[in-house]
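Please find the structures below.
Shared between the two complexes below is subunit A, which has subunit B as its partner in the first and subunit C in the second.
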Partner chain A sequence: MRAAGKILVSAYALAIYGFIFLPVVVLVLFSLQASSFPIPPFTGPSLRWYEVVLSDRRLMSALFNSVAVALLSSALAVALGFLAAWGFARHHLPRSGLMRGLITLPLTVSYLIIGMGLLIVFNWAGVPKSLIAAGIGHVVINLPLCFAIIYSQMGDHQVTLERAARDLGASEWKVLFLVSVPVLWPAIFASFFLAMTFSWDEFVIAFLLTRFDTTLPVEIWNLLRSGLNPRTNAIGSLVFGVSIVLALLLELVFFRRSR
Partner chain B sequence: MTGPLPESVSGPLVEIRKLSHRFGTHKALNEVSLNIEPGSYTVLLGPSGSGKTTLLNIIGGFIRPTEGEVLIRGRDFTQAPPARRPTTTVFQDYALFPHLTIGNNVGFGLRMRGVPRAKRMARVKDALAMVGLADAVHKRPHQLSGGQRQRVALARALVVEPAVLLLDEPLGALDLKLRRQMQDELKALQKRVGTAFIHVTHDQEEAMALADHCVVMNDGRIEDQGPAERVYSRPASRFTSTFMGESTLLSGKILDLGMDEIRVDTSVGQLSLAGAGEPGFDVSLAIRPEHITLVPEGSSISLGEATITDIVFQGSFKRVLAVSMKDPSVTFIAKLRSSHGLAVGDRVELYATPADMVLLSR
Partner chain C sequence: MSESQSGRLLPWALVTPALLWTLVFFIIPFVAMFVLSFMQHEDGRATFENYRQFFDNPSYWRALVNSLQVTLTVTAISVLLAYPFAWILAEIVPVRYQRLALMLAVLPFWTSYVVRSYSWLLVLAQNGVVNQALTGSGIVDDPLQIANTRGATIIGFVHFFVMLLTLTIFANLKQLSPSYRRAAADLGAGPVRVFLHVILPLTLPGIMVGAFLTFVLAIGDYITPQILGGNNELLMPQLIMMQIGRRGDFPLASALAIILMVVVTIAYIICSRWLKIERT
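What follows is the complex of A and B.
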């Protein structure tokens, strides 16, 4: 009876993990396909399609765009999120609870709605579709996240540290950069990497707000329109690899420390 | 006051004038005036909510008072932010910067003052040597024990040579043994550097051990201030007599006056003692526990019979509570030698010498 239960539990776990990871395994496996169609039988392994992808100028410039948008939009989202969190944590603001709610609200709104809203606003304001517009979109979705993470880590202990710095003669800017930021560094780092991860594979907003120069997810979508191809598997595997590296970095520098 | 004024050479180092502060409708401080002398060790003693921490925060610049002035070396600092005051603070949880080494923690204030690195490091070394932690320069705060962190906090605050050092319940986080040891070190350090210390505590033993000048606070006011010995032996108010050490309080009325003597009618009988006052005036008599005895000695008089309700063994003596037979609302607190064979429920007669009683009118 107990043995049967154990087998059942194991089978269930296997099914769950299979459900989650099988598509990725298939994607990566057929990126190593030697022939021209990513369907069984497997004819690899071969790095042929990675070569094709890495020498594709369009794909590589999209990759570079994605990295640039992710880095810059995340940095901006973290900076703004930190300042907002600091303001809310250190000053008595009127209707503080409501304002905090409003700033985190975009977390619950779908990217499609945010993207459409930005599209309309940019259209009206005469801002052309571009990587900058997509970057602004990513700041909009990531700022609430950065704010929430950093705000949750601001406690009373840091208030005393900031008081001590002021007491020893530090100006407000020095308090901020020599005490508040270094003390909150793990939270700042974590929110930066999380924002990077989200920006890196965000599709809807980038699709709506870019035109000629675009990000990698949009470029992959363009590829997919002409049908399945081991090329898309190869670039998909690369994207997946970068996401894994970001997640590992996050795990290493932040979650390890808080344990 | 506007414009720079010459720093006065004589006179108090810190002058607090009619300071009042409100938090909303709560009056945390009520017209407090206080002078701090150069080189003195002042202790602000009081229960929580007495306003002692608020007063310290106002001197340090963390709170702007609703009314009143804070003068340091004759200059008005009431509105100045903490960074521009000649004061530094040792915080209750030490507030060492966890991301900096001990050396950089201690050097922080000097860095803010633009002292060049080489000079800074030399002064940091001296300051750490002063508190006995010369070899901790490269360590981090989390590698030190509570007592060592306390010393680092002291070094960090003293290295910038403040006019006044403020200590906010600095020993509160330490265990009893370490607290007594740090008390001695604090006192010795203060004498050595000669900086005026203002130390906030609710621990009366700490206050008695440290204070040159003891300020007892209650309910936003100064109840009593003076040398610790005087405050203990001749408290100025009922509150002081029960907060700074224990006392039995007998309330009564002045009956009549004699030659330098008055007779007081209390619920346990009429007592004559030296003092002055007007007949009919309500007063209290405070008697310290060590002045109550079981046998008459010298000029002592009887306080009447009482029933023992509690005995606490405290080593060389026993702390005995006894309820008066004449007035059940009076509970005598006595410190009696442990050799007395006493038990709860025993009926005893208690004595005290009138000269040891303190006449209190408030």
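What follows is the complex of A and C.
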């Protein structure tokens, strides 16, 4: 009975792992396909499609755009989120709860609706579709996240440090940049990388708000029109690799330290 | 400026940029969308026409019904699959390997959304891996039509949400103190009764949170149904995107988006009520 239970448990866990990994394994395996269709039988391994993808100027400029949008929008989201978190945690402001609620409100709305709202307003204001417009959208989705993470990490032990610095004659801005920022570094770092991964993967806002110069997920979407294609496998595997590196950095730097 | 004045202004200087950003790029667009949903597409006059169209046109209705059916199915299947898996990770796997096991279980979570759906297309296509395995082994004679059906959409969604729910349920199970279980066992409850009467009720609020998150994220998603389900039957986000893309009908798209938000709000009210009853 016990042995049967053990087998059942192992079989179930393996089945779920298999289900979770099946698409990723198929994606990466057939990115190494030598022939022109990413379907069985496997004819590789070959790096042919990686060469094609890496020399594709459209894809590479989309990749560069994605990195730029992710870096800049995340930096802005973290900066705005940090300042607000510091303001709310260290000062008594009237209607603080309401204002904090307002900043975190975009978390409850789907990206499609955020993107559509921005598209309507930008159309009306005559702002053209561009990477900057998409970046603005990415700050909207990541600001609440950065704010919530950093705000939750602001404890009382930091107040003591800040008071000590103030007693020793530091100005408010010095306290902010020489004491609070270094102390809260893990939370700042974590929210920055989380925002990076969200911006890097985000599709629908970038799809609605960019036109010619666009981000990588949108360019991959355009590739999908040609059906199953090993080029899509290769660029998809590369994107997956970058996301894994970001996730591992997050895990190693932040979650290890917080334990 | 005097010392006390700058002291009073400083906190506002800190929180204003974030508030302004949210106001200009989130609140105003949302209000604009809301106003637009009451305007005529052709001439911009005030009208209820967009909402009336939704209730009059059965194909629009159908999109909402499809969305609800798919989302509820996905939520139920994902919870049923993820719960035992999270339980195995939290209770059976030795503690020192748990973190690794969990990390592995959510690794594909980090693939981009578009790429993940495309990967399932590779697996489920007419001549994809699954069909070739089925026909090759003689289980079926002709390849099954899985891609471009509702089934494919559900599989793609379940894949994502099993990972998400495994994370939340795992965290929930780890928070349970082992003394509850020991107490129940000492009082003579067998493993099944311990599970049904102690562990399950204590983890139910966590499950509800995860299920609600699944519902909200799935019902607003455009990519998975568009890539995997195709255009044979439309879900709400596909219908909304179609109004924007093909017809440029922003008022109707806005009205549909508002209707979708109302549905999510109703789901939230139902869930939160249910949660409160469970807690008392």
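Brief remarks on what is shown
Following the convention adopted for this analysis, the second predicted complex is superposed on the first by the 259 of 259 C-alpha atoms of A that agree within 3 Å, B and C clash if a C-alpha of one lies under 4 Å from a C-alpha of the other, contacts with A are read in each partner's own complex, and residues count from 1 in each chain.
Please note the rule applied: a residue touches a chain if its C-beta (ideal position, glycine included) is under 8 Å from a C-beta of that chain, and two chains touch if they have at least 3 such contacts.
Bear in mind that the values here come from a model prediction, so they are computed numbers and not experimental data.
Superposition model on subunit A: subunit B and subunit C are shown accommodated side by side without a clash.
After superposing the two complexes on chain A, the angle subtended at the C-alpha centre of subunit A by the centres of subunit B and subunit C comes to 100 degrees, rounded to the nearest 10.
Shared-chain residue A:H157: touches subunit B; no touch with subunit C.
Greater residue coverage of subunit A by touch, when subunit B is weighed against subunit C, goes to C. In the superposed model, A:W185 makes contact with subunit B only, not with subunit C.
When the two structures are aligned on the shared chain, A:L105 is found in touch with subunit C, with no touch to subunit B. Of the two partner chains, subunit C is the only one that A:F240 touches; subunit B does not reach it. Look at A:R166: by the touch rule set out above, it reaches subunit B but stays clear of subunit C.
Once chain A of one complex is fitted onto chain A of the other, the partner contacts of A:V67 are absent, as it touches neither subunit B nor subunit C.
Superposed on chain A, the gap between subunit B and subunit C at their nearest CA atoms measures out to 8 angstrom in whole units. No residue of subunit A touches both subunit B in one complex and subunit C in the other. Against subunit A, the residues of subunit B that register as touching in their complex are 60-62, 81-84, 87-89, 91, 93, 95-99, 108-109, 112-113, 156-157, 160.
By the touch criterion stated above, subunit A contacts subunit B in their complex at residues 157, 160-161, 163-171, 174, 178-179, 182-183, 185.
Note for the complex: subunit A touches subunit C at residues 9, 12-13, 16-17, 19-24, 26-27, 30, 38-40, 80-81, 83-84, 86-88, 90-91, 93, 99, 102-103, 105-106, 108-114, 116-121, 123-124, 136-137, 139-140, 143-144, 147, 172, 197, 200-201, 203-204, 208, 216-217, 220-221, 224, 228, 232-233, 236, 239-240, 243-244, 246-247, 251. Residue ranges of subunit C in contact with subunit A, taken from their complex: 10-15, 17-19, 21-23, 25-30, 32-33, 36, 81, 84-85, 88-89, 92, 103-105, 107-108, 110-116, 118-123, 125, 127-129, 132, 159, 162-163, 216-217, 219-223, 227, 237, 240-241, 244, 250, 253-254, 257, 260-261.
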